[in-house]
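A quick write-up on the structure given underneath.
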Amino acid sequence: MSEPFEPKITAFVCTYCTYAGADLAGTSRLKYAPNVRIIRLPCTGRISPMFILKALQKGADGILISGCHPGDCHFTHGNYHARRRWMVFRALLSFTGIPEERIKYSWISAAEGLKFADLINNITEDIRKLGPFDQYHKLIEETQAQASL
Amino acid sequence: MTKILFTDKLDSCVERWRSAGMTVIGPVQRANSSVYDAVKSASELDLNLVLTDRSIKELFFPQSEPMLRYAITKAEINTDEFLPPSGPRIIFGARACDASGLAIDDPLFGWDYKDEYWFQRRNESVIVTIACTKADEFCMCTSLKLSPDSTKGSDILLRPLENNKGWQVEELTDRGREAFKSVADLLQEGSDPAAATVTVPEKFNADACAEWLKNPENFESRFWKEISARCIGCGSCTYLCPTCHCFDIQDEGGSFEGIRRKNWDSCSFALFTMHTSGHNPRSTQSARWRQRIMHKFNYFPGKFSANSCSGCGRCTRECPVDMGITETLQEISKLSQ
Amino acid sequence: MSIEQQYRTRAKELLSAGEVKMVIGYGAGTTAERRRPIFITSPDETERLVLDSACIANLSGYLVTEGLLSDEKRVAVFLRPEGIRALNVLAAEAQLDPLQVVIIGFDLPKGELKSLQGSSVDDFTDLLGALKESTPDVDGRELLEKIEKMSPEERFAFWQEEFSKCIKCYACRQACPMCYCRRCIVDSNQPQWVNTSSHTLGNFEWNIVRAFHLSGRCVECGNCDRACPVNIPLRLINRKMAQEVLDSFNHFAGTSKTQEPVLASFKKDDSETFIL
Amino acid sequence: MTENNHNAAQNIYKPATMKIVDRRDEAPGVRTMKLEFQDPADHELFKETYRTGMFGLYGVYGEGESTFCVASPETRKEYIECTFRESGRVTSALARADIGDLVTFRGPYGNRFPLEEFYGKNLLFIAGGIALPPTRSVIWSCLDQREKFGKVTIVYGARTVADLVYKHELEEWMQRDDVELVLAVDPGGESPDWKHRIGFVPTVLEEAAPSPDNCVAVLCGPPIMIKFTLISLKKLGFDESNVYTTLENRMKCGLGKCGRCNVGSIYVCKEGPVFTAEEVSRMPAADL
């Protein structure tokens, strides 16, 4: 029997809201799925599309991007800029065949520890249902293999 | 009487070669672009093309070749070497310019240090060239002292029959003879006349150009700026060229494990020669175009006694701004008069 | 007098009067069907200029050639509406001063040569505004619609096959007037975000990065698509993204020289239906 | 190696593994590392082939390879010393590596200084800044067989006192009475206790005025220094064919294949890096 599929999820979060929310989930002893690797950044405005591509390149099955609610950005409007960027990037990924369901976006404030825990659980389940991102993994495998001719 | 391979027997040949463990490769269409690629049957081959969009070199020198896999611990570095896929292969339907291109690059890859990625593939490939009965306005093999039926670099030369029903078979090398021995019973003796090869007009005088290029005074001629003013610095001419061989070595992966690869690189790129200090010996596009021409028609022949150009014309055919070797050498021919 | 002859005369006048130091236009190419960019600096050479339905390349990219406009002299350039849009984007992104550019405008509706009145970017504001409202005429619309209807897996497979052909010659980037970055992200190696190798994964990443960087900036001149030596239908991605930006933010790249770049601006009420 | 024996064929792109056994900070951003071969076969090959002047590609897996000289002399082949300035991706990674860490070396490649031709002659070494390492390789190769050469003069200058590399060896050369060492820093680069000369290398050289008679000069430095020092050497009466220098260009293979290091028709990786000033003067200046 092969091992059951455990999704690998990379989360890019802003330090002021979502990361603090994750902290709160932790200090509140809320249990959530261990499938997410969190990468903390100063602001959602700092989350470059490159990060998403890099996570996929390293074999992620799903990606979460999360930051402060609109109006709450520590840098006033970093998240507004980010929102536009995601809107466009999401459409581009979808058009090139990277399923929208694999890349999730959320606003989680420092007070929303519970929302964070729930979200992680839900996302993990969603990605688990989708299964491993085989199509992309196949491309990664190709890069590990001998030249074809 | 000559040996003839009739078109309707080609599929059986492909089958025979494949069942003998050979990879059969030939010109095919892939998503609106033509390349040399492996085929399972003769029906996949597109033998009516003047020339494939991409050259034959990638069968010997792929655009990205994994060379080493590394895994690092504090105590040791473990490396696995990738070798090129082994096993005999037959490339059916090459063009004379492409096959010559391979022979042109052999001395480069074997100069002192022997590049096994190239030579293993070279030693295991039989190249079956079909003489050209058509050409387009970009073809220029005759200007390079080659021709639509040059045998340079080929193991077998096929000459299309006048009636288009097959090819006369000329066995050129032992490797070619060996490969065709296995299909000997599928060939027939016949006297069908071969169609005339296409006439490719001579477009420039390569010798005169070489003389002009060798003159140190011309290195800083205004000509280089003028001829390359519209060059946008992409690498399509070099990447499609059957003889351009420049490459880069890149590590992909992380600090602990990954793969070292040999990737195509191009002298047209600004970063190609850029030093870490920021100094760039070839900092302008005109200097880079001059390098490309000088390399092909002055430096390379000086070292390996052959122009690094087989006249396929792909550089001009695919150039986004309608440049290419032909125009440059035509202009040099004029200057050298 | 033919449009071609009129424009030759105009180019000659501009050069003779010293109004411009150079005219960037089209000349005869290697074959009867081809045109090539030419750079005319002397009034005597203007007879070399060609203008007909084969003059489709967007020449605006040459305007950002290093040093060309640094002496504050003016340059005239043959541009179609797409080229004028590109000029606006370059101006909006502070890559050049549009007042240094004299536009010799023309269009090719249905392959028919037509002259455009005006010489400065502002003279074309109405024309570009109207263009925003019109339905673009896209080569390959059927294929685009077909791709949109595919499942994500099919779409992935489609682009995977296309991108597997890519040889990373960067002709798309070099031909693009919007790709003026001094150091492209693929050429940056500390850190190395995108694989430089030309395996399918590396090609996929490269094409996505480029398409994203062009979103909201691309004027759909088609230079990249025509430059691609292996015929990847890049225009389809650009069309898709242009439509997306238009639908989501009512943004049409290059309508004015002061237009705000769409991804460097925002509205507080931008749509966010996809955010959990 | 026979044509058809693939198993025995060497992968020419595979580097040797080296252990960092010592390192030393020379100047801000400049470091010297002492590397030891891990595989005796690699070491044997190095011992057989290495001659002063040759270079290598030093690498860190995951980052790549970078080309610079072997700074240790051909008279000491138990290890390789290299000195580099931390500037790009690879050199930054090398600078992060600690004693005991493993790095790679591919080489030695290129040509060499023709030491036999220097026998019995006076030697003049001129170096600027970070270019002392290639010169130092020749200097020690000669000092280790001192009796074969005539008078040895070393002129070394750097921008500031801090930028002088191999300070402990400069001290040693200073003490030796069979070596004349002229040290200089650029005006403004001196420290309060600086006892040596102040001035640019060409000026200092002209003041030192070494005789060109029966003398060979080895000149390494940044292009601008080389340009003006050559003028000074000419003034002093040196013939260009008696002045040796090294060229550096970006390289990827070091084997004459990757196509980027050429100056005109000369492949620096195979026909260089050591050239006489006369050979350099025949190269197209615009390609340097």
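Descriptive notes on the structure:
A, B, C and D label the chains in the order they appear, each numbered from 1.
We take it that a contact is a pair of C-beta atoms (placed from the backbone, for glycine too) under 8 Å apart; a residue touches a chain by one contact, two chains touch by 3 or more.
These are the chains along with the protein names UniProt gives them: A = Methyl-viologen-reducing hydrogenase, delta subunit; B, C = 4Fe-4S ferredoxin, iron-sulfur binding; D = Oxidoreductase FAD/NAD(P)-binding:Oxidoreductase FAD-binding region.
Keep in mind that what you see is a predicted model, and the values were worked out from it rather than measured.
The chain pair with more C-beta contacts between its two chains, of A-B and A-C, is A-C.
Centre-to-centre, using mean CA coordinates, subunit A is 45 Å away from subunit B.
With centres taken as mean Cα positions, subunit C sits 34 Å from subunit A. Annotation: 50 Å between the Cα-based centres of subunit A and subunit D.
Residue positions of subunit A touching 2 or more other chains: 143.
Taken residue by residue, subunit B touches two or more other chains at 64, 83, 248, 250, 252, whereas all remaining positions touch fewer. Counting only residues that touch two or more partner chains, subunit D has 88. Chain pairs recorded as touching, per the definition above, are A-B, A-C, B-C, B-D, C-D. In the complex of the two chains, the subunit A residues touching subunit C come out as 48-50, 53-54, 57, 70-71, 77, 80-81, 83-100, 104-107, 119, 135, 139-140, 142-143. For subunit B in complex with subunit A, the touching residues are 23, 25, 37-38, 58-59, 62, 64-66, 69, 82-85, 89, 252, 259. Chain contact summary for the complex, subunit D toward subunit C: residues 88-89, 92. On the side of subunit C, the complex with subunit A involves touching residues 147-148, 150, 152-160, 185, 193-195, 197, 199-202, 204-205, 207-209, 211-212, 215-216, 237, 240-241, 244-245, 248-249, 262-268, 270-272, 274-276.
Contact residues on subunit B toward subunit D in their complex (touch as defined above): 67-68, 70, 72, 74, 76-77, 79, 81, 83, 86, 108-109, 111-116, 120, 123, 216, 219-220, 245-251, 253-256, 258, 260, 262, 265, 267, 272-277, 279, 281-282, 287, 291, 294-295, 298-299, 302-303.
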